[in-house]
Structure formats: structure tokens, C-alpha cells
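We call the chains A, B, C, D and E, going by the order they appear; numbering starts again at 1 in every chain.
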Amino acid sequence: MGSEKKQAEMIREISGVNPLKCMKCGKCSATCPSFNEMDIKPHQFVSYVINEDIESLVNSKSLWKCLSCFACVERCPRDVKPGKLIDAARQLVVRQKGQDYLSADEIPELLDPELPQQLLVSAFRRYRR
Amino acid sequence: MQRIGVFVCHCGSNIAATVDVAKVAEMALMEPGVVHAEDYQYMCSEAGQAKIAEAVHEKNLTGVVVCSCSPRMHEATFRKAAERAGLNPYMVEIANIREHCSWIHKDMEEATKKAVILMRAAVAKVNLNTPLKEGESRVTKRALVIGGGIAGIQTALDIADAGYEVDIVEKTPSIGGRMSQLDKTFPTLDCSACILTPKMVEAAAHEKITIYTYSEVEKVSGFVGEFTVDIRKKARHVDMDKCTGCGVCQEKCPSKKAPSEFNRGLNKRSAIYTPFAQAIPNVPVIDCDNCIKFKTGKCGICAKVCQAGAIDYEQQDEILTEKYGAIVVATGFDTINLEKYDEYAYSQSPDVITSLELERVMNAAGPTHGHLERLSDGKAPKEMVFIQCVGSRCSDDRGKSYCSKICCMYTAKHAMLIRDKYPDVNVTVFYIDVRTPGKNFDEFYRRAVEQYGVNYIKGQVGKVIPQPDGKLLVQASDLLDNQQILKEADMVVLATAIEPNPDVRKIATMLTASIDTNNFLTEAHAKLRPVESPTAGIFLSGVCQGPKDIPETVAQAGAAAVKAVGLLAKDKLMTNPCTAHADELLCNGCSTCENVCPYGAITYEEKEVNDHGIREVRRIANVNNALCQGCGACTVACPSGAMDLKGFSNRQIIAEVDAICR
Amino acid sequence: MQELKDRARELLADGTVKRVLGWKIGDLPYNPEPAYFETEESLKDFVYNGFCGANLSKYMIEASKLDGKTMVCLKPCDTYSFNQLMKEHRVDREKAYIAGVGCKGKLDIEKIRKQGIKAIERIEGAGICDEAETLKIQTVYGEKTCAYADAMLERCHVCKGKEHKIYDELIGESKETADADRFDEVAAIEAMSPEEKFAFFQKELSKCIRCNACRNVCPACSCRKCVFDSTKFDSSQKANVDSFEEKMFHIIRAFHVAGRCTDCGECSRVCPQGIPLHLFNRKFIKDINELYGEYQAGEDTGAKAPLTDYTFEDAEPSIVGKRG
Amino acid sequence: MFKIAKENLAALFRMIAKNQELYLPVRTAGQVNFAAWSEDAKVDLDTLKSVKSPKDAFFPQSEGLYTVKKEGKKMKVEPENLKDQPFVVFGMKACDVKGLEVLDRVFLSDPVDTFYAARRDHGTVVALACHEPEETCFCKVFGVDAAEGAADVAAWMIEDELYWKPLTEKGDLLTETVKELLSEADEGKVEEEKEAIHRITERLPYMNLSLEGWNGDALSEKFDDPRWEELYKPCLACGTCTFVCPTCQCYDIKDYDTGRGVSRYRCWDSCMYSDFTMMAHGNNRTSQMQRFRQRFMHKLVYYPANNDGMYSCVGCGRCVEKCPAALNIVKVVKAFQNQGGEN
Amino acid sequence: MSIEKKEFRPKIVAFCCNWCSYAGADLAGSSRLGYPADVKIIRVPCSCRVNPMFILRAFEKGADGVIMCGCHPGDCHYSTGNYYARRRMTLLFSMLDYIGVENGRTRVEWVSAAEGVKFSDTMNEFVEKIYSLGENVRLGDLRCRS
């Protein structure tokens, strides 16, 4: 219980999102290209964070189905931005696995010129401490 | 030195049960300036008040302290009693030994000790009190209403019916406002024009009402009871007195490319135009930006065809200066700019329209003569989608944080009207919440669902994608079914958020009326004074104060009128004597006080002062007592301590502090 | 300096200005005094060097009452004060011809003395045309040297920049002198425990002799009559007593200039007891910057002062306890 | 003549302080001022001038006179006690000692200021010669010998030894109490030191300032001189010069409401302040020029007129060092030397 | 605890704006919601009337705690007064904290006319805090002690 609470705290902290601001309009789900592949829908992310049920969230398919297209981030009228929440949940997992070892110096080596910009940015966000 | 009388009230047992009132009176006699002290059963009773009068006469009192209940309760009573005894009412102070002492403490010794200290503080203050006199100011018995929509018209009518003169200043060529653009009104489906036009006519015909259309307020000075207002009457280029309103000029005008403001730009109008058929006054104006005569010097057809000879290309703007006792702001609203809402494809497809545009489409005098059709190809739509809360309830910078309040109801109205007139058209409404508080409102909405089969889906639309075949693909979510929906529509209607008319900011500044972060004018008290601005003499009518529908607007318009009439009915205004004033020898003229004054009560004058033998002209703050409400913001902002507040002076408050800390 | 002098002469000669407000050469190598020059002849005593630290903008309050224009020599930091005074309607822009003079950092004789240099006869290297690297000081007890930067006033180490915010013309070169963060000292105190903070200020302020030099030199303290000299607040006190009254004086003074203080550093420069009075003003500036957004008094004459402005979302006073 | 090794000074101070209060130059927060000795006080005998003069020891910046206590509607007056215990001021410079003479003439002449008189009676002054006088010093102008203060005890710090020479009866008494720490010495080294000081004094720029024309008879000539109008202009009207001065003697009497009564105290005033000598009708001196002129006229004209030609400046140079606007008495005197009377 | 309380009775000054907080205090009174008698209320028209000098004055004269109450932000009777007050007090409190005065001795609370409970709770809490901090020795003038 305690650790769930802490994890929920961490998700709030990493994402900078206050899930209580959500007014349940569903615009995120309406806008999500991966909606159909998700078991937990974007508009539901907030409830999991509010209810501190992080276990279900990190074990969900949705966690890895999100494309980080940020359509929800862009369109959310309440500044809740589910995309950020899911990204924070991913970071949580990455950190738990102790894989946040990548330092900025190592990146040039790993760099593939074919990689889309978006992915790079996403990677930086994830590995930033 | 003052000669102070201290009167300690028992309030039956309310005070006396916990506070040793006799002891308080005894201790009072030890205080500097106190020449009389007594305690009595009920100070607020006739007999109690008589005791004050008696002591004032016998002991020649110059000040009175009553140790009793809260000053919010009986300060006025005791001040009046003192006044009747020949004392200045502001020489009375109350020590609150009931609410702040006897009622909250149980230990007699402790409560008595505290009561003594509260008494001392009051005595210390009275020692520094000076007699204050309420000021008087004149009232000009005429009101100005800014804005000629339903709010302005109703306010003007109500004030005029009470027997006072009213001027309406309207920016556009006709009164009528937003309501004139509406087709039907909820929840009864009255024809908007049918109920508005009679009011417009009544206002125009009323002998107490003067209407200045195509005019703007340019400058406001003065204060409650005596505002001086400059009104700019823009050049119409049509002589109001000569024009017969025959309409030939509009018909013959060769320039017909200007977007019609009245029809929200959905069709065109001529360069010389009246906004709509029922316009009041029924006198056209020439839109110089689109007029060939004004642009090239050639043309002049309207002048040629006008049999009345009313066209006057040389006409200039005119400035009128009028005096008013009260000003009512009724500047109304507009819909927000949808530039930032790309996802709804408003700028990409002519078939995505705002609700206000739909009003024009549905209206017989509108661009489609009342036929529901797609603006792109004129085809009748089969699938209509309504999107709610576009730009409302947003916490980002794209929209507005508030609920626009009217959208749920007008969308139900639109859906119902469409289903009624075109039963083969499917109507889907995507909503977040349906909000229908109001008389017969929820019934109305349910009727749309139950009787007319409007499909309501809970879930916001994420995106509207125009298809190559002209259809609109609506991507939304159904939160209750936990589904993502892709729906093809022929027309999409956006329930666009409303915002205060952008000009209101300028007007608020002129009036020194305060405005909130959303540009709504602030009311003096959210609950108890909802139609008054904190600035005395300024009243609020309609949506300029906050989103509201027509019945609410009319109700508020009436309320604003009553408040204005209440002011105009007075011959003189008594002003609060506890106002700020600047010590001219200490004032730096630095303008700091001016910057914090919420009432614009402080101005500066170049004045010659004699500062201990040094004569010089200095810039000195001058407080207008009629405007000052006595908040004291300036007194603290003032770096030199030149600004002080009568009745709550620095030295008085410090004396209280000292007495308490003794 | 010659350029400045020549320009002053020209402006006096062609009648553009009636007088020049600058510095007059002192009788010791380091004590030039603020002075008015009304004739071309008198300009022979005009001087502008590293010891001309005084902020002349406050003198413009009186000069604004005089007939005709006054050419006033303002260093970059002084122009902030001038702007602020203009904003408060205390000086008349029309009465001033502002010569924005260059600055290579101003010198503090106390800092030189602190290095044990005394009985000074001559100082070389303090001129505005010099490189401002080293001072050569001839004393009765022998010749000494001192790095220019080590003799600089504290304020020059945290200089706001050598850009003049208002001027009619610029004369002379400047040299950047900032080499420390303006708020470091404040942050260091903020990090102390309440006991340490109290002890620190107690020690510093117990030196105060209530001479009012800080107040009288301060361009923000431009009140015709100071609250401490009037009876309005019953605060007129001359005494330097051992209790906290002295501290009250400095808090009140700092509060009165909060949002108006340009951080010109004159208070600390003139304090005969070397009390770092700027620490009070800078604390307010730091708080204002952090809580209400960056604000530099005197940057312009338009912006709303932080204490006469507000937003709905402003921090609550309880933030003081929460910041820890 | 006695001497004591520098490292034994702490013991000396401890011994003096055993029986009486001891005031001496102490460094606090970077500045040297006279303060009461304590074990952890940082005594600083190297700094030539304390910021404030040591006149505080006899004429404190602020001192209580009496307290009025309120009991009901009655008042009770409780006068402040006069100084009744002996104390020592160690390390005063010759100029500051001369400053006491100036104060004496004010406070000890009729009517005698009992507070000051009591302090003078109980105070013993040990003067310390100025080992390295500075450029702001001009004591010689007023007949002060920087090498030997006319105090109860004269002392010299020469290399690692302090030389000690009692000059008065009080000096002898003090010497008795610390005798066990002192050893006999001859005058040789002291004479050398004195000469060295005199040699330096000769080289200092202000030492040969001429006071010609400044005397009690120069009243109207100086008072009406147009040069004041120019001289005062940079003056900020602060009180720095007066508060660091060893001879300024003006004070104001004020009341403080303590809540239980009123304590009446006196505190230094400054002729530079706009409310100086403010009376019910207003102020005698309405402009800063007049107040500025007052200070120098008082020091160099009025005081000599009333005190057999003695000036009330002792040339300590503190005002020269501390004036925020770089004004000072020397500049004033010099300004009057240039081109006679006309401007 | 109770013995301690007997020895030290703090002096606490509360500035209350006339429109909200003073009425809130009245409501606390009429609802019989008690708080210690150490609190003494001074009525001011608006929180913006409270000059920082008043607060310093109270401390100088021996107050152990000073609290200011006003209308909630946005509810000011004079529309903007409490906004100015909020900035002034924030800066003042920050300065007092900076010079080493315990920040628990100062407080601002927004109390509406309807919040009698909040007024009483706030005062109880504040008085408790002042008891825990003890006598104000850092800001008081020595002469005011006896």
C-alpha cells in the first residue's frame, strides 16, 4: 500500500500533472490513435493515479501501446495530459529496473541517424534524472 | 484632552455573567481622558441611550466608549444617541466585549481582564478621534446605459419608466444586440425577433430615452452622482433627420462585397447598409472601408438615388458631452476566436460552424433564408454533430476557465428545432456534462432526447477531419461505453465559448470599474451586491458581469435599473466621512497611492504650499471624498505617511496596538 | 575625463545647460565631492575618477527646482535611480541633460584602508582613462599597491551592467566589473538557522549610530519628510538604544523602499560603520523576483511596482514558513 | 614610567576589569569602536581611530534621565541613578582626550550636568599615543600632541611593549591596582617614539592647516560670507560628522512610552538634522545651508568666543573619513583661505 | 503544560477587516466557539489598511504574535485591498524570518463572515503556536519589559 502511494506520488512528480484537474471530458480518448489497442483507456489513466493503483497501470498493455504522439497532451483542455502520465509510469518502470544508467555522453554512440526526432526527445525525457 | 465617558453594558447576563462589568467601569476611570464611567443593564435600550445623553450633558463629554456587543450590531445606535445628545457621532467607539469576549470565554477573571484591555484600546482610540462630517454631493438625474442589447434596452426602459432620463450608447448602427441575431429562444421556442422588436420600438419611442447608435463612449470623468461623459457619434454619412428608411440606397449600392456582421460574415452586404430589417434606427450607415465613393472618389450612386437627400459624404464624427448621475454597463459578449482550436477544422471547412452562425442559418432572414443547408455546397445535411464546451472550462490558455452557461440549452434548442423541421436529419450531441439548472430547463433538454430523439453521447470530440468527399469525420469518445467513435457528419456545430465584448476593458478603465482575469466586470459583492460595481455609481447589466441567458439578463437589467433609480432618486448623496486625505506638507506627489486606489479617487494637482516658510509649487495628491470608500490601501502604500484615513488614522490604530500590548 | 570636461564646457557655453552637476576635486587623493559648476572657469576643478562613487541622481530633486537645465553626470547604475525618481515625479526630465558617464567600477577607500594602507599621499591608477587593473598608492609609510578589483565597492562586484537606462549622450568607456552573483550573500543568510540569522544581524546592527546617512543618501528615500522625522507614526526616534529599535528602523526603511529600491548600493557605501545595509534591500528584491516575477526598479518608467500590483494567484504569506 | 609586554595586556585588562568597568577599542563585525571589555572581546589597539569617538563613555549617545510610572491616575517619578562606580577608558587618543576638555567646558560649567560630572568623576582615562598617524589627522592644528595624550595615564605601544606613565592622581591610583603586572622602565624608547611620531606628523597634509581668521571675533564676517551657499550643497543632512565627532555635545530630550509609564531620555542630536532645535513656533534654521554653517561656526567661532579662544574641534579627522559626501571641516577652512572674502 | 501557561501569557494582536474577518469573529462569538483570551482584535476597514509598521509596532511594544485576517482573495469588499495586503505581508514576514524572528509569530488568514469556525480554529492554533514559541525576545523593546 505504502509503496503504491509513493509510486503515485512519483508519477505526479515526474509528470508534473495534477490528475485532480481532470473533468472527465474524454477528449484524450477521443483523440488517441492507439485507443483500440489499449486496455486502460487514456481518460482512465487519471483514475488509476488518483486511486493509487499503479500496479495495474504499469502492468497494462496501454503502458507500451501509447505512441507518445502527444495528441492528448496537445488537446487536453484541463492541462492534465494523460500522455505525460503514461510516460511517467514508463519512467517509473525503467527506474525500477535500474536501467536509468544512460548518461548524456553515451548518447552520440547509440545515435542512429534514421531515428525520428520524436523518439529522441522522448528518450531524453525518460532518462533525464 | 478629551473628556470621555465609558459605558459598560451588561447585555442582561450575556456580558455580565462572564465579565465583571463594574470592575471594567472602575478600571475605565483610571484611563487618561476618562471622566465618567458606569455600567448598565442594557445600553441599547431607551434608558441606556438616555444615560449616554445625560452624561454627555452633565460631564461635558467629548467622546464616548460603549463596551457592549459588536459594533456591527449597535455602533449606529450609539452614534445616533450621541448625535442626539449633541456630540459628533464619530466620537463614539465600541469595545466589543460580547462577541469577542464574554461569549467565548468562561473564566470570569480572564474575561474581565480582556474586557478591560479592549476598553482601554477603545479609550486610547477615542482620545485621538476627531469629529467627522459626512460630505454631500449632487446627483444629476440622468443615467447612461452603455450597450444597446437586450440588457441595455431593458435597463433603459426600467429607468425611463421610473421617470428618469436615460441615454443609450450603442456602438453598432442599430440597437438589438446579440438577441437580435438569434432565431428562437429557449426554453419556450419564442421567436427572438418577435419578443425583442417591441422592446426596441418601445425604447426608441420613449420620451425619456435618447438612443445614440453608431456611437462610443470616449471619456468619463467625475464620480457618482456627477459623471461627465464624452460620446463620440461616428459619422454615419446619412442624415438621421432626412432619411426615410426606404432602402433604395442599399439596393442600388454597387459595392456588395462586405461581409455582413449581422449574419456573422456568412453572406455579404452593401457598403451602405442597415444591419437588419428591423434595425432601430432604420437609418443606414456608409461603411467607408468598402464604399467606392470613399475609396476612389467616384460613384456617389446612393446620393443620386436618395430622394430625401439624406446622404452626406462630408459628415464628420461628433463629440457630445453629457452629464450623468449613474452609469450602467451592458456591453454584452461575443464568441471567442477559434484560431487555437485547429482540431475542430473550423477554419478548414465551411461546414463547421459556431452555434451563433447556426442561428443565422436557421433564421429566415439569414444567409440561407432559414433553410438548413451546408454552406459549402448548399446540400441538406443528413448527419449533424454538435460539440459542446468548445473553449469553455479550459484551464489552458486556449480557452476560458469558466462555463459559458448558455450552450447546453441552446444546443438542445438547436437539436430540437432541427429534428422538428427535418425529421430525417440525425443529430448527435457530444457533451461533457449537460447543465440545465433553470425553470423548465431540464424538462426542455429531456424533451430533446425523449421526444425528438437527439442522440446525446458523453465524451468530447478529439478531432474533426474534413474528408475529400466533403464529409466531416468526427473522432470522439463515448466514455460510458468506453468506445472510440468515428462518425461521418455533414455539418458540425461548435458550442463556442462566449467572452465579454473586447471593448469592455477600455470602458472599465474609463470607469475605474474593476474587471476580473476573464474581462468580466467585477460586482461589488458576489452575493449581496451582484449588479453594482465596486465603483460607486456604476451598475452592471447582462453578460458583461458574467455568462447568463436571456431571462437572467432581463432580470439583472431590471435590478441594475432599480439600483440606478435608487441613486437618481436622491437629491444629495451623503458620503462616508472615513475617507483618506493627504497631508500636503508630507506628500511627495509620487503617484504610489493613485496606483493602488480601486476607485480612481486620487488625482494630483500642482499646488503652492507653505512648508515652514518655504513656499513652492508641489505636486500633491488630492482625494475625492465622493469616490473614496475608505479602504486605506493608499495609506499603507504612501511612503511618507502623508496619506491617512479619517476614523482609522495611523495614530489611532497605533494607540490601540499600544493599549493592547501594554 | 577630458572629453567629459570639454563637453561640459561646450554645453555651458552654448547655453544648453545652466550648470553642471559632477564632482569637484578633493583635497585628498580620494575625496572628490559632488558639486555644481556654473561657469566654464570653475570646471578646472571638475574631476571624474574611480572615487566618484556618489549617485548624483538624488541631487536632481533639488536641481529640478532650479532655473534652466542641469547637466548631470550619471553612471550606469545611477540611471536606474533617475528613472525611478522620474516615475515618482520627483525629478523633472526636462530639467536634466543626462551625460551617461562610463564606469570601470568605483573605489572604496575603506577597502583600501582595510588592507592596512594608511597615511595616503597619492593614488595612481584610479582615473577613468586608466586600465583599472592596479592602484599605486604612495603613503607616508612607503609605496603600496592594491588590485583595482580588491578596492572596488561591493556593489560593483554585482554590477547590473554598464548600460545606461536613460541619457542624452554617452561619454567615456566602461568596463564590466560584475564577478559575483547579486543574491549570493542573501542566499547565504537565508540558509542560516534563525539563531544564526539573528546573531548575524544583531552584531551588524548593534553598530548602527542612527546617523541617517543611509536614508539621506538613498534616492528612494526621497520623501519630503521622512516618517521617522514626522509624528505620524509616533516613530520619531533619534536614539541608538541597545534594544531592537535600531533594527526596526532598518526593516521599516527597507520596507518603505521595497519595490522602489534600484539596489544602487549607496546605503552600504556611506554607512560609517560598514553595515551591509544592501542585504535588507536585496532580500526584498530577491523575494519579489522569486514570488512576483523578475522586477528591476528603475529599468524603465512604466512598469507597475510590485507592491502596487497583484495577481489572483500570488503566493500566500504562509509561503515564508514553508520555504524552510 | 612602567612597561608591560604586549602578550600580558590581556592579563592587564582582566586585572583592571576585576574591580571596575573597562572600555577599550573592540572590533565587532569589522569595525572598531569603544566597548566594554570581556574575555571574548576582540581588543584592537592597532587601528588608529575608532569609528565613533570614545566620548560615549562620558556622554553616551542615549541615556535615561528619569522614568515616570503610572499608578492609576497618579504618577511616580523615578530618577535614573548617577554613575557611582569607577571605570577606566583605555586607549583614547590624544585628540579624543582633548575632546573631553571641550566637553568639560560645556557640561561642567554652570549649570553643571550632573550625569556627565558623575561620569567624569569616576572615569580614569588611559591615553595611547598614535603610533602611525594618518593623512586625515590634523590634531597639531589645535595644539594636540599625538605622541602624548594629556590623560590620567599616558601610554605608548612600542614594538612588543606597552609603556605606561601615570600623569595624575587618578592615574597613580590605577597604576597601583595593576602594579604587579608592570615593571619599571626608562624614558629612552618613549622619547624615540615621540620623535618618530612628530616626524610623521610633519609630513601629513593637514597638519599645517592655518586657522587664521577663525576666532571668536570673526562672527559677522564669517556668518554672512556668501561661500556657505556653495559649500553646503553636497551635504546630505545626515548626522555622520556629528555622531563620530569627539566634541559635538548637542543632545535632544525625548520620551518613550513603555506602556507602564514614560521614560525620559536624552540622546545625541545633530545640527545637520532638520528638526534640530525645533521649537513650537518652528525652526530657527530653516535651510540646510544654515544648519551646515552652524556646525562650523560653532566649532571655530562661537565656541572660541565663549571659551577663551579654544576651538571645539580637536583635529581627529573622523568627519574627514566618514562624510558620505566627502565634505569636512578642513575643506571649509581651506575654502575660506582662497581669495580672501569675496567670491 | 498548564503550569507553563500560568507563567507565560502571550500578548496577541489580531487585525481583522471590518467586512469579513471581524464579522467572522463575531460569528465565532455568537456561536460560542471559544479561543484563548490572549487574542485581542483590532478592527480595520480592510486588510490593506494594515501598515507593516503596525505589526512591527506591536512587536516592539511586547506583542508575542500578530495575526492579520481579511476577506478571501477575490472577495475583498474593496475588491483589491487584500491582494495588496497579501504582498505586503508576504514580504514583511519574509524579512522578519530573514533577520531571525521565528516565522510562527506572524500569520495571515483569510476568514469570511461565514467562517466563525475557521476564525476560532485559527486563533486556537495560532495561540498554541505562540505558547510553543514562548516570549518574543527578539523584537521587543527592552524598555517595555518589566
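FYI, a contact is a pair of C-beta atoms (placed from the backbone, for glycine too) under 8 Å apart; a residue touches a chain by one contact, two chains touch by 3 or more.
Worth saying up front: this structure is predicted, and the values here are computed from it rather than measured.
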Remaining touching clusters (ignoring chain C, no chains moved): one piece
Partner chains that chain A and chain B have in common: none
Chains touching both chain A and chain C, listed by label: B
Chain whose mean Cα position lies farthest from chain A: D
Higher-contact pair (C-beta pairs counted), B-D versus C-D: C-D
Distance between the centres, which are taken as Cα means, of chain D and chain C, whole angstrom: 30
Centroid distance [mean C-alpha coordinates] between chain E and chain D, Å: 46
Rounded Å distance, chain C centre to chain E centre (Cα mean): 37
Chain C: positions in contact with at least two other chains: 225, 227, 233, 241, 307-309, 312
Overlap residues in chain E, where contacts from two or more other chains coincide: 51-53, 57, 61-62, 80, 84, 88, 141, 143-144
Residues within chain B bordering two or more other chains: 596, 637, 650, 654, 658, 661-662
Touching pairs among all chains present in the structure: A-B, B-C, B-D, B-E, C-D, C-E, D-E
Chain D-facing residues of chain B, complex: 29-30, 612-614, 658, 661-662
Residue ranges of chain E touching chain C (in the complex, touch as defined): 51-53, 56-57, 60, 73-74, 80, 83-84, 86-104, 106-108, 138-143
Touching residues on chain A, where the partner in the complex is chain B: 21, 23-32, 35-36, 41, 43, 71, 75-79
Parts of chain C lying in touch with chain E, wherever the complex brings them together: 186, 189-190, 192, 194-202, 227, 233, 235, 241-245, 247-248, 251-252, 254-255, 258, 280, 283-284, 287-288, 291-292, 306-312, 314-321
Touch list for chain E against partner chain D, complex: 61-62, 141, 143-144, 146
